[in-house]
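Per-chain numbering from 1; labels A, B, C and D assigned in written order.
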Amino acid sequence: MHRRAAPAERTNGVQGAEGNERLNAFSDGVIAIAITLLVLEIKVPEHIPPGGLAGLLPDLLPKLAGHVISFIVLGIYWVGHHNMFMHIKRHDRTLLWLNILFLLCIASMPFVAGLITHHGDDPLAIASYGGLLVITGLVLDAIWWYASHRRRLVGPSIDPELVAFIHRKVLSGPLLYLIAIGIAFFSITLAKLAFAIVAILQIMPSPLDHYHHKQLDGRE
Amino acid sequence: MHRRAAPAERTNGVQGAEGNERLNAFSDGVIAIAITLLVLEIKVPEHIPPGGLAGLLPDLLPKLAGHVISFIVLGIYWVGHHNMFMHIKRHDRTLLWLNILFLLCIASMPFVAGLITHHGDDPLAIASYGGLLVITGLVLDAIWWYASHRRRLVGPSIDPELVAFIHRKVLSGPLLYLIAIGIAFFSITLAKLAFAIVAILQIMPSPLDHYHHKQLDGRE
Amino acid sequence: MHRRAAPAERTNGVQGAEGNERLNAFSDGVIAIAITLLVLEIKVPEHIPPGGLAGLLPDLLPKLAGHVISFIVLGIYWVGHHNMFMHIKRHDRTLLWLNILFLLCIASMPFVAGLITHHGDDPLAIASYGGLLVITGLVLDAIWWYASHRRRLVGPSIDPELVAFIHRKVLSGPLLYLIAIGIAFFSITLAKLAFAIVAILQIMPSPLDHYHHKQLDGRE
Amino acid sequence: MHRRAAPAERTNGVQGAEGNERLNAFSDGVIAIAITLLVLEIKVPEHIPPGGLAGLLPDLLPKLAGHVISFIVLGIYWVGHHNMFMHIKRHDRTLLWLNILFLLCIASMPFVAGLITHHGDDPLAIASYGGLLVITGLVLDAIWWYASHRRRLVGPSIDPELVAFIHRKVLSGPLLYLIAIGIAFFSITLAKLAFAIVAILQIMPSPLDHYHHKQLDGRE
């Protein structure tokens, strides 16, 4: 007994239903809320030391830095989702649920970021933060795998190199975060620094990109 | 004295006004906020036991599991709303208000989920949670009933089997949740498990779907 | 020296710039957040009396009722904004700012609703809540006045009766809320009841509507 | 070795990818959340003095005024972003990240507004608030500079005067805020007043605009 699509889906000639407006809008909403609340989590201090707010800076600045890193990390995932869904043209039930799984990871980000802000010396905080980043990246890649495999939900004429390029780009995140988690076994401070460096690396156009592009050029 | 449409509505040839962009955007916004805040409700523990964060896991893990279930439940309703409004093409005043009633249920979800997180052994917490899920499902079905009855706000050529299929799909939720509430009379732990199973059942393509599809195929 | 439009605006043949997608999306966002947080403001009780959650119901139920009313009130304003902007086709700087003023009222709603929830016996709480509702309605009507006056930002062939109908519909809110505030001088309980009745009145298709429609029919 | 665009970007004839719907929707989401939470930050007082809520007014009114100012300031940035992206037609990786940087500033606004609400007499609070406003304005201008320079992401036939007009308009904010920060060295009360005046100045169509428009007219 083979599986069949529901009647709603069968009405389309191609696989999946046209139009990802609501999927995108819902995702934008969840990411926007998570990214904004991240910064809002920094509480205005109730009590001020005798020297004024300046006396709180040594305590406040590392927290602010941490939140900026987390903001950038969520920004990376938004950019990744945005760029991926420029190519995903349709959706089906499985894609909707993979995307909701991705959003569950996104919505959990402020929690693990809070763990690292308040208990940053606890190895479990680092592991939770890094682990969630790895899982989020893998889920995002699963979305791309599902959508692009056999051109299921992308355009029929998509460049195979582009499919592979997006896989490499998305999977580079989890790989780098795994290295940062490994560093945590030796030094938690170095691990935090590693997370910051990974975040900045992912924003920058990297030499790795150049290499891939040259490869792409060579075979054209 | 028979009722008449307001002038704004009379300008349309067919019943209701074209374009549900804002209805969808507003719904996506409310669901996105409710689903994100659900996870944000898990507070970062202020005080850490001597053994580090690991000592909090026995307390934290069931809460995390509960929030994942609630996240999935809200996800189910978003998917249901999304799929239903792929077929609802127009709106009128009544549909707007049925939809706001649906959103009231959605926005209340974090509250009842919080009840079950913090006071999960209280039968009233289970009843509130399950009861709200039942009502939400019934309201969603009322939207479909109102929109599809006599093709009021859907396309004129919609497949009657599809109309019935969506009713069955949407109503299966409240039915299953009612059973879970019934189980709560015997064991609250079993009832919680039942909610989790129902949530997972609703994501999975079920054998029930296959049966319906075979029925649909038989008559084509 | 007469005022002139900025270069950006002069490029359009008609007054104002085409396309209110972002104005609508931004408004939907603010209203969605305000309406969702309204319900989220009901806190899960930390401590439970010996009799279980049921013992809290006498305290919780009026709060829940109040929040449902406030949810409906915000829903009314969303529906009003939605229906009005089905006819407003363009925007200019003044409309953007009138709309931001409207959103300031909307965003302030959870605060005054909180006043009434926690200090509902204080006349100032009733006055703040009612006063904000009156102002919000007047601002919404100012938006309509500005947009529809001399067909500034609406379609050139809009029915004058429709322009007047929307004014009456929008202004009926502030009028009714003023009466409810007046009742508060005699009895705060009655005033709260009046707010609930007004909210329900505005949802229901009213006999007043029928009268206007008959008038409209007579002149066609 | 010169830099090359990624394969995704090379598929477009012109520079950057078409369609800023998601960039705009994401930005609207973040600004809507930040602007709404700004007002929600005003807490309903738990304890009421013997004279009723009226006794809290002297404490509450300046806070309310401050939040209205902050609401207007965020509104100014939304209007600025909105007007700017009426002309920006495409995006690339750099624009996405400049925009995320802008949103980081926006999301940080409630924090610095909270500093000024709770510790408004501390010079560091004024400096943080004013400093963030200056940076936000500079980032917004950087977006315009990047997009409009050599017509990178705007229409090819955009009026050079319009490009310059938007620069002047956007940069006038940071300039005025810098003056307000300077005033804080003499009087914190005057500085607060200056922020309020700047906010109102930016809403009002200013004589400066008229001058520019006359200039524009002269050369046509």
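Rule of thumb we're sticking to: a residue touches a chain if its C-beta (ideal position, glycine included) is under 8 Å from a C-beta of that chain, and two chains touch if they have at least 3 such contacts.
Note that the structure is a prediction, hence the values are computed from the model and not measured.
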| item | value |
| --- | --- |
| Rotation angle superposing chain C onto its copy chain D by C-alpha atoms, nearest 5 degrees | 90 |
| Interface residue overlap between copies chain A and chain B, same or different (over half shared) | different |
| CA centroid of chain A to CA centroid of chain D, Å | 26 |
| Chain centre separation (chain B, chain D; CA means) in Å | 37 |
| Residues of chain D touching at least two other chains | 25, 29, 32-33, 37 |
| Residue ranges of chain D in contact with chain C within the complex | 24-25, 28-29, 31-33, 35-40, 42, 44, 46, 48, 52-54, 68, 71-72, 75, 78-79, 82-83, 85-87, 159, 161-162, 165-166, 203, 205, 209-210, 213-214, 216-217 |
| Of chain C, residues touching chain D in the complex | 1, 3-8, 11, 17, 19, 21-23, 25-26, 29-30, 32-34, 37, 93, 96-97, 100, 103-104, 107-108, 110-111, 114-115, 117-119, 122-125 |
